[in-house]
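All remarks here apply to the structure that follows.
We just call them A, B and C in the order they show up, numbering each chain from 1.
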Amino acid sequence: MAAGCTFFGGYPITPSSGIAEQMVRSLPGAGGVFVQMEDEIASLAAVIGASLAGSKAMTATSGPGFSLMQEHIGYAAMAEVPCVIVNVMRGGPSTGLPTSPSQGDVMQARWGTHGDHPAIVLAPSSVGEVYDLTVKAFNLAERFRTPVIVLYDEIVGHTRESVTLSPSVEVVDRVAPDAGLQNFLPKAAQANGVPPMSGFGDGYRFHVTGLAHDERGFPTEDAEVAGDLITRLHTKVEDHADEITDVETFMMDDADIAIFAIGIVGRSAREAVGQARAAGAKVGLIRPVTLWPFPSAEVAAVAEQVDTLIVAEMNLGQMIGEVERAAGQRTHIVSHLRADGEPITPSALLDVIESSSRSEEGS
Amino acid sequence: MPEQTKGLVLAGVGGQGVILAGMIVADALVRAGHDVKQSEVHGMAQRGGSVFSHIRWGQSVDSPLVPEASAEVLAAFEWAEALRWVSYVREGGAVVADLRTIVPPGACRNTRSWATTYPGVDPDLFVDRRLTAHLVDAASTATELGNVRTAGSVILGAVSRFCGIDQIHWEAAIESLVPRGTEEVNLAAFRAGCEVGEATIPVAPAPPEGFSGPHQIEIDHTWCKGCDICSRVCPEYCLAVDLRGQLNVVNADVCTGCHLCELLCPDFAISIHPPSTEVVTAVD
Amino acid sequence: MNDVKKYLREWAMPHVLCPGCAHGIVLRSFLEAVDQLQLAQDQVAMVAGIGCSSRLAGYADFCTLHGTHGRAPAFATGLKLARPELDVVVVTGDGDGLAIGGNHLIHAARRNIDITVLLLNNSIYGMTGGQVAPTSPEGTVASTTPSGNTEPPFDPCQLLLGAGASYVARVLAATPTEMTKVMADAILHPGFAFIEVVADCPEYFGRYNKAGGGAEMLTQLAGRDTGVAVQLADKRFVNHIPSSETAPGLQTGVLRRETRPVFSGVRGGGDHGA
């Protein structure tokens, strides 16, 4: 709401329902609208409809609901409708482990909807960061006219902790077209790759479609036009990846072992790094705050520095491929995985650090 | 030798009062002591169609239907009806015909010129059968008397001189059968009809005021897909799709502007413009 | 007759629909209704799903949203809640609105959100090539029922009456002036208004089921109007128009009109809707 959100459309699902329950209390008093839809497909559809009407809009869901939303994540990407989707990850596949944490959706968040599409995914690890990154998510969504996903797990979702909120936050609004244009082209991009956006009822009449379309927003099967559109949808994000990317590093200055972890695992890792340092090991942490676009350069720099890079994730190895791609042959990569509904603990990571140190000494 | 049975045919258009007139004639003949039989057909009266009444009288009448070429007199309330029924009059018989013309929809063939297939008024048509033609303008006479709806009584007056019964019977029949309260005006109309002179034959009727031709059909051939809905719904058969699948205006002169084709064109390819509109288009 | 072309994106015409498909007639009738009501063109939002019917939105010069398959009522709900002053009209079809989107449709009806839904029922999937639809009568030959459909069809109006729609009407694509009249009435209705527009699909339904082209299908459709039959039956000289097994009569006109609280979401100012 600090980011200017005035619309929430959702559907109950553990462990994200708390967000809806809070929004229905907070939004109406602040001039916003809350609606509980008939399913997650409808929730994101309503959010997109509200965004087209000029509102900043969001939804929140978990696992199976996120699967249902994939259709409209693709629609929002294609039609370039700003919106924010919070996915509180739980154990999967299918109904899986509804009340347990997981990081099993990191690849779905990137590639869940069909076809080539851009992705901006933010991965907070604390309650305070959920606040900051949700604001950032709205800002990025409005700036790039694209859906932005805030991805965290059940533990972060259900954590209560005291936070200090910034008294004021920077808020970015979508760029509106100049008034009084004779020939408004709803999908004609500015130099930054993003077209100015008019709302329904603002005065311009235009067509919005999920079909490949031209600058008028009208469907086309012209290969050149379609290709240009898909490319632009990517480049408008990828060309500004350095402005989006945010990576937290901890005790990396002299580290020769690093842990790569996101979200709640990042917090376990931070604890493990502290304990390992106390025991004399030179361990550091790299935690992507923005998971997609993937922080390849930052991972490559870490790989250049350390002898061992431990990739810890609460799934059966979804991020390690990306890390290996970014790291190349620069370092030894160790994978630590867990997908049983239980979190990766600091002590488990300490064990990994210890065995990595031993193998390093042995080499 | 028994008195020969005589016949009379009344013909007109729905709404003119032919049926009532037939009843009056029959009643008058009964009052004069004849055996009378009457039959009538009025099925299409609602659509401006033909209405007629046959009456036969004499000492003893078997059938009410007047055979062709046997009627003493034809009383036609409308010009085309006079022509339709004239063959029923015996050679040397009489035709009383109102010059009024009522063009049925089926005879409208060109709304641009208001030309119709309606026959012209020509009293010479009766000459070769040596008929006595008595052409009247009953509506004008009745209007002069104050009620155009008594035109039927005017015609009866004109007919009475060929029926050979006393005027007292006619007047009694009229008094007993016309709507209550109109007895006097109908009797006056009847008496005027007894003395009505020959009407002047009018020139061809002018088109209705404000009429300037048919509506204009504009086809956008770049949008038309030749689905044929328009040509199938057009009541005037103005449109047709040719063998190449192209829609053409084949009968531009008769469009009445009903807009059915326009409303039922799925492709927005037809526009109907009022007659006076300038349509800038290349219609094939 | 009004010039409704001012509501058309003429640069996008001719539209993609097949020859004889009545969907264009329905669009025209809708534009006539908009013109009759003198709605502000900028404030009309047309929301569509996927399918032949949904393609109509692209040709209407309003704010038009061509969404995803079946979801138009959900898009429209968000749009209307966020900007209540818009006149929001959903254009959907029998597959879009009753199969994949049935859930969204009945819930929009239940909530009584103030939108108008035009469901163009041609009893078949046209855009995907003539597959059987939830409204295909039993026996219908379709590309997925080559031996004839064995599933019973939905009656869309009965479904929406059951879902609690506050306005339900049925019109025929063969009677455009009646369509316009009912559409204008439905747009003015406060709350959820549903119109089933019975239309044709000569390309698939007509071809597969030997029902003829657009002209034949529309003529037959007009003959199924029991509203007219009932009116004519009052005239003593007209026999009751019989309905055959393959083409039963269709009750046209407004089947329900009731006033109940209009849904506006949970919002401030004590206005919490229904």
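By definition in this document, contacts are C-beta pairs under 8 Å (C-beta built on N, C-alpha and C of every residue); 3 or more make two chains touch, one makes a residue touch a chain.
Treat the numbers as computed from the prediction; the structure is a model and nothing was measured.
S.K.: Using C-alpha centroids, which chain lies at the maximum separation from chain A?
M.R.: B
S.K.: Compute per-chain Cα centres, compare each with the mean of all protein Cα atoms, and return the closest chain.
M.R.: Given all protein C-alpha atoms shown, the central chain works out to be C.
S.K.: Distance-wise, how many Å sit between the C-alpha centres of chain B and chain C, to the nearest whole number?
M.R.: Each chain reduced to its C-alpha mean, chain B and chain C end up 47 Å apart.
S.K.: Report the inter-chain centroid distance for chain A and chain C in whole angstrom, where each centroid is the mean of the CA atoms.
M.R.: 39
S.K.: Chain A to chain B: how many Å between their CA centres?
M.R.: Chain centres of chain A and chain B, defined by C-alpha means, are spaced 85 Å apart.
S.K.: Send over the residues of chain B in touch with two or more other chains.
M.R.: If we look for residues of chain B contacting two or more partner chains, we find none.
S.K.: Tell me, which parts of chain A touch chain C in their complex?
M.R.: On the chain A side, the touching residues are 6-7, 9, 24, 27-35, 37-39, 41-43, 45-55, 57, 71-72, 75, 199-211, 218-219.
S.K.: Which of the residues in chain C come into contact with chain B in the complex?
M.R.: 1, 3-5, 8, 13-15, 17-25, 28-29, 174, 176-177, 202, 213-215, 218-219
S.K.: Can you check the complex and tell me which residues of chain C touch chain A?
M.R.: Going through chain C, the ones touching chain A are 9, 12, 41-43, 45, 47, 57-58, 61-68, 71, 73-83, 85-86, 103-104, 107, 264-268, 272.
S.K.: Spell out the residues on chain B that touch chain C in their complex, using ranges where they run on.
M.R.: By the definition above, chain B touches chain C via 222-223, 225-229, 232-233, 259, 262-269, 271-272.
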